[in-house]
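So, here's a batch of structures to check.
The two complexes that follow have subunit A in common; it is paired with subunit B in the first and with subunit C in the second.
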Partner chain A sequence: MLSRDTRDPAARPRLLLSLLAIALLWPGMRLSELDLSVLLASDNRGEMGRFVATFWPPAHGAEFLELLWQATLQTLAIATAGMALALLLAIPASLLASRALSLSAASRAGRPSQWGQLLRWPVRGVLIFLRSVPEIVWALLFVRAVGLGPTAGVLAIAITYSGMLGKVYAEIFESVDQRPAHALLQAGSGRLAAFSYGILPNVAAELLSYTVYRWECAIRASVVMGFVGAGGLGQQIDLSMRMFAGGEVASLLLTFLVLVLFADQLSRLLRWRLA
Partner chain B sequence: MKRLVNLLLVLCIGTAVLTSFRYLGIDLGELGASGNLKQMAAYVQRFLSPDLSTGHLQAIARGALETLAMSALGTLLATVFGLLLALPAAGRFGWPLQGLSRLILNALRAIPELVWAVLMVLAAGLGPNAGTLALALHTTGVLGRLFAEALENTPPEPADAIRLQGGNAVFAFCYGTLPNLFPQLLAYILYRWENNIRMASVLGFVGAGGLGQMLYLNLSLFQEAKASTVILAMLVLVFAVDTLSSWSRQRWEKA
Partner chain C sequence: MSLHLTRVSLTHANGVQALRSLDLHIDAGEQVAIIGPSGAGKSSLLNVLATGLRPGNGELQVLGEQPWHLSARQRQRLRARIGLVHQAPPLPPRQRVITAVLAGKIGQWGLGKSLLNLVHPLDVPGARAALARLDLHDKLFTQCQQLSGGQLQRVGIARVLYQAPEVLLADEPVSAMDPVLAGHTLKVLCEHAREHAVTLVASLHAVDLALAHFSRIIGLRDGQILFDLPASAVDREQLDALYANEQLQPSPPPVLPLSVQIPRC
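Showing the complex of A and B:
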């Protein structure tokens, strides 16, 4: 006669792990002052309820729509201009940081000499620094340095994204077959020529698709950066929220969603087209 | 023909870039003018001597712990709610609930963390609580969708076997579906936690606690020396998370 075995062999380790997690998270609860009941307190709920109720209908006055259109254009322009500046920095930096164009590597079976490695580190370090500080921190700093407005956003995107693009480009250059470039270098061609004819044809599609993807990210980032005063849709959302203008917030958020969807589709189209 | 289209595309991109600069009225020449550059250099110089006094370092340590706690609890809350929403979103309770829960998940996911943070600061007051809730809301959307996809892709046979043996639906889920799913869920959760640590350190800009709030405060009071220490702390945090995650990924992928 078979009977159900009620013993669970994994029960004890599971219990111990749960206890450990709780012990670790308990001080965390204190630190983060987590309190879900705040949301349910009646006065807060009434306040939020009134604010959310004003979300419908979304604001659609002619004047506001004009403002919305301008903010959307500004967001797009910030992302595009920021990407252009980022490319200006990222392309030379990636060429400097990549091992793919090392002369010593061409004659040493793909391993660059110690000195070559050492000299590449400063460039890599700068790229790491540029992309490790979050873009919104750069935006905040630039707002103080060059004033409120889209310029701060453009510069912040340019700096962060040059770090990201530079690193990824350098890695893409190293990821393809190195033999064509090495052959060219050994035959006496210059480094730029070796790059253009030995590496670029193999990596062009990947470079383009990554750049377009980053442009899409830049649009999202430029919206977020508006919250510290760097122009575009984000700044408008921040302003409308501070004025408790629910309808305006609703139309701004809807516009943001449409913009992200549009950028997503456009980037897919471009990648399909250029690949 | 293809060449022509590509040429046109390149032209379009070129015009888009030029119009962007024109539209924003950015004059790079003016930005690079010597007076402006001198001013910027003076501004940068004030960041070069970070404030390393014990009191400030203690405050930063507290801020970093707060950031970590916010991200951990936000991710944990998101895991719970994400799993609750993922079950209907994977079509376990019929299509009306599936449509509804997918709509909720998409809405949660589409609104960026920072917007949620502003809303939560309005709803729950200044402080890390608002940041935790904001992270939880956005991450619920992300994790819920990922969980739902994972649920749809797990093989149903183990759960079916338990059902056929007479186990109820809860047992079938806990012992038939969850063990297969668990490694994937854990990978998603850790990945989002990593993202959330980075996000938690900047949510403070809108008053939602953590290192960001310190940085915002210090910059507003023109205490650049203190601000630069906070930025350094953020860098250290990001590096630590990056190193830890790449190390653990290499380790577990080999195993």
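Showing the complex of A and C:
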């Protein structure tokens, strides 16, 4: 009796799960060839130290600042244009893929009909395909197709992000209370009207904050894609790194920090306005 | 014949049989109250009449049409002529009262007009008039989340008044109001129904309100009609039989608003 009362029934599963996590982590470290001792080898350390030492002072020549300004604008433009194109595809796709617009669910206590479920699968499949290929791979493809420059970056962001936005939008639509929309459908309204009166008011803040967050990700992605020649800040960082111009790299990274901070503040402002 | 049920049965997804082979005829312009113990099937009956739930067996006729034999498009057109007041009106918390009321007519408006109305209310006087009858016109531009339960119920009623349907169904429309307000609100509903020759069916848990405002009373118990009489003919004995041996059951837990965390990739 006493032993049963002192034993926590959750203790054994917790211990087993911890051991399992460690057991899985070890082969992962081996497979990824992670070897932290490389960082401490003296010649590597010296090499890195010399490069990092050139970071100060950050480059601030008038000519370079002009170049930086242009690159920043280009990065913002790539991210924004890519997001705009992605939204064009993501919004209709999310409406098609989401159960939130199901007319049959309104009169079946929230369960859509089998046919509706079947028809939603191809759309989900398209969204999965769009986001399963990373944007850097699309960028490499498009650099071959349309040549070096921002166009490749815009197209790559548009394709990958439409998949992500479409999937998450569809899930956000389904995660809120469906009864307002069902009540409207039962009063004879069309699907889109019921959606915009019954679901949109509940999801607006969440949609907006996710979209701004994705825009921030798009800025970062456009920098990464710059390395494969898709323009913007990334291309500039690539050039500066190759020339071992540490000061320029530092300025570029600082710009980058400011951009992310800016996106964060924008998101906060919009959420505060909508809350 | 406005509403016509022939041997209608309804079984919910969880296996509970809510309606058992029910026959009911309600003529156009009638004002009917449905009373009965909780769990008797009042809400299920109203949802079947509103074409919100499809009956398992039997035949349903609303406004001369069989809704479940129509195409989806025709059924939506029929539904725009039926109004249902919900016990707890499902309104988005951040929606403004005016939008919630004007939403009553989006079944009759086209998509373009509905979307335009969402960003710029098109019929402020209409919404104000509907709310004024329920003494709520000062709340026109407040958000629904700032209203009390009774005020929300009145917004739900104002929406249906604005919809101006030919059949008006109300599921416990005054359950969250104090007795005086409940009486006033039912009077407004009945007056509206009389003025516009609307068929009115309301379920109520307060028997005295039902007897005071409605001419025909239907007693529902275990998914069957126990009595169907003019209000003057309902006596104590029948009411005792209707509510007899009502098992004391705790009220169902309040439905918590869903807040699901979406994993972000």
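Quick note on the criterion: the second predicted complex is superposed on the first by the 220 of 275 C-alpha atoms of A that agree within 3 Å, B and C clash if a C-alpha of one lies under 4 Å from a C-alpha of the other, contacts with A are read in each partner's own complex, and residues count from 1 in each chain.
The rule is simple: a residue touches a chain if its C-beta (ideal position, glycine included) is under 8 Å from a C-beta of that chain, and two chains touch if they have at least 3 such contacts.
Only a predicted model underlies this, so the values are computations on that prediction, with no experimental measurement involved.
Q: Scan A:Ser18 for contacts with subunit B and subunit C and give back first, second, both or neither.
A: Once the two structures are laid over each other on A, A:Ser18 reaches no partner at all.
Q: Hey, is it subunit B or subunit C that touches more of subunit A?
A: B
Q: Does subunit B (first) or subunit C (second) touch A:Val176, or do both, or does neither?
A: Second partner only.
Q: Taking the superposition on A as described, I'd like to know which of subunit B and subunit C A:Gln265 touches: first, second, both or neither.
A: After superposing on A, A:Gln265 lies clear of both subunit B and subunit C.
Q: Hey, what residues of subunit A end up touching subunit B and subunit C alike?
A: On subunit A, no residue contacts both subunit B in one structure and subunit C in the other.
Q: With touch defined as at the start, can you tell me which subunit A residues reach subunit B in the complex?
A: So the residues of subunit A touching subunit B come out as 25, 27-29, 31-36, 38-39, 44, 47-48, 51, 73-74, 76-78, 80-81, 84, 129, 132-134, 136-137, 140-141, 144-146, 150-151, 154, 220, 223-224, 227-228, 234, 237-238, 241, 253, 257, 260, 270, 273-274.
Q: In their complex, what parts of subunit A are in touch with subunit C?
A: 103, 106-109, 111, 131, 164, 167-168, 171-172, 175-177, 179-180, 182-190, 192-194, 196-202, 204, 206, 210, 213
Q: Within their complex, state which residues of subunit C touch subunit A.
A: 12-13, 50-54, 72, 76-84, 86, 89-95, 99, 103-104, 106-109, 111, 114-115, 118, 163, 257-260, 262, 264-265
Q: Residues of subunit B touching subunit A in their complex?
A: Per the stated touch rule, the residues are 5-6, 9, 16-17, 19-21, 23-24, 26, 31, 39-40, 43, 62, 65-66, 68-70, 72-73, 76, 110-112, 114-115, 118-119, 122-125, 127-129, 131-133, 198, 201-202, 205-206, 209, 215-216, 219, 231, 234-235, 238-239.
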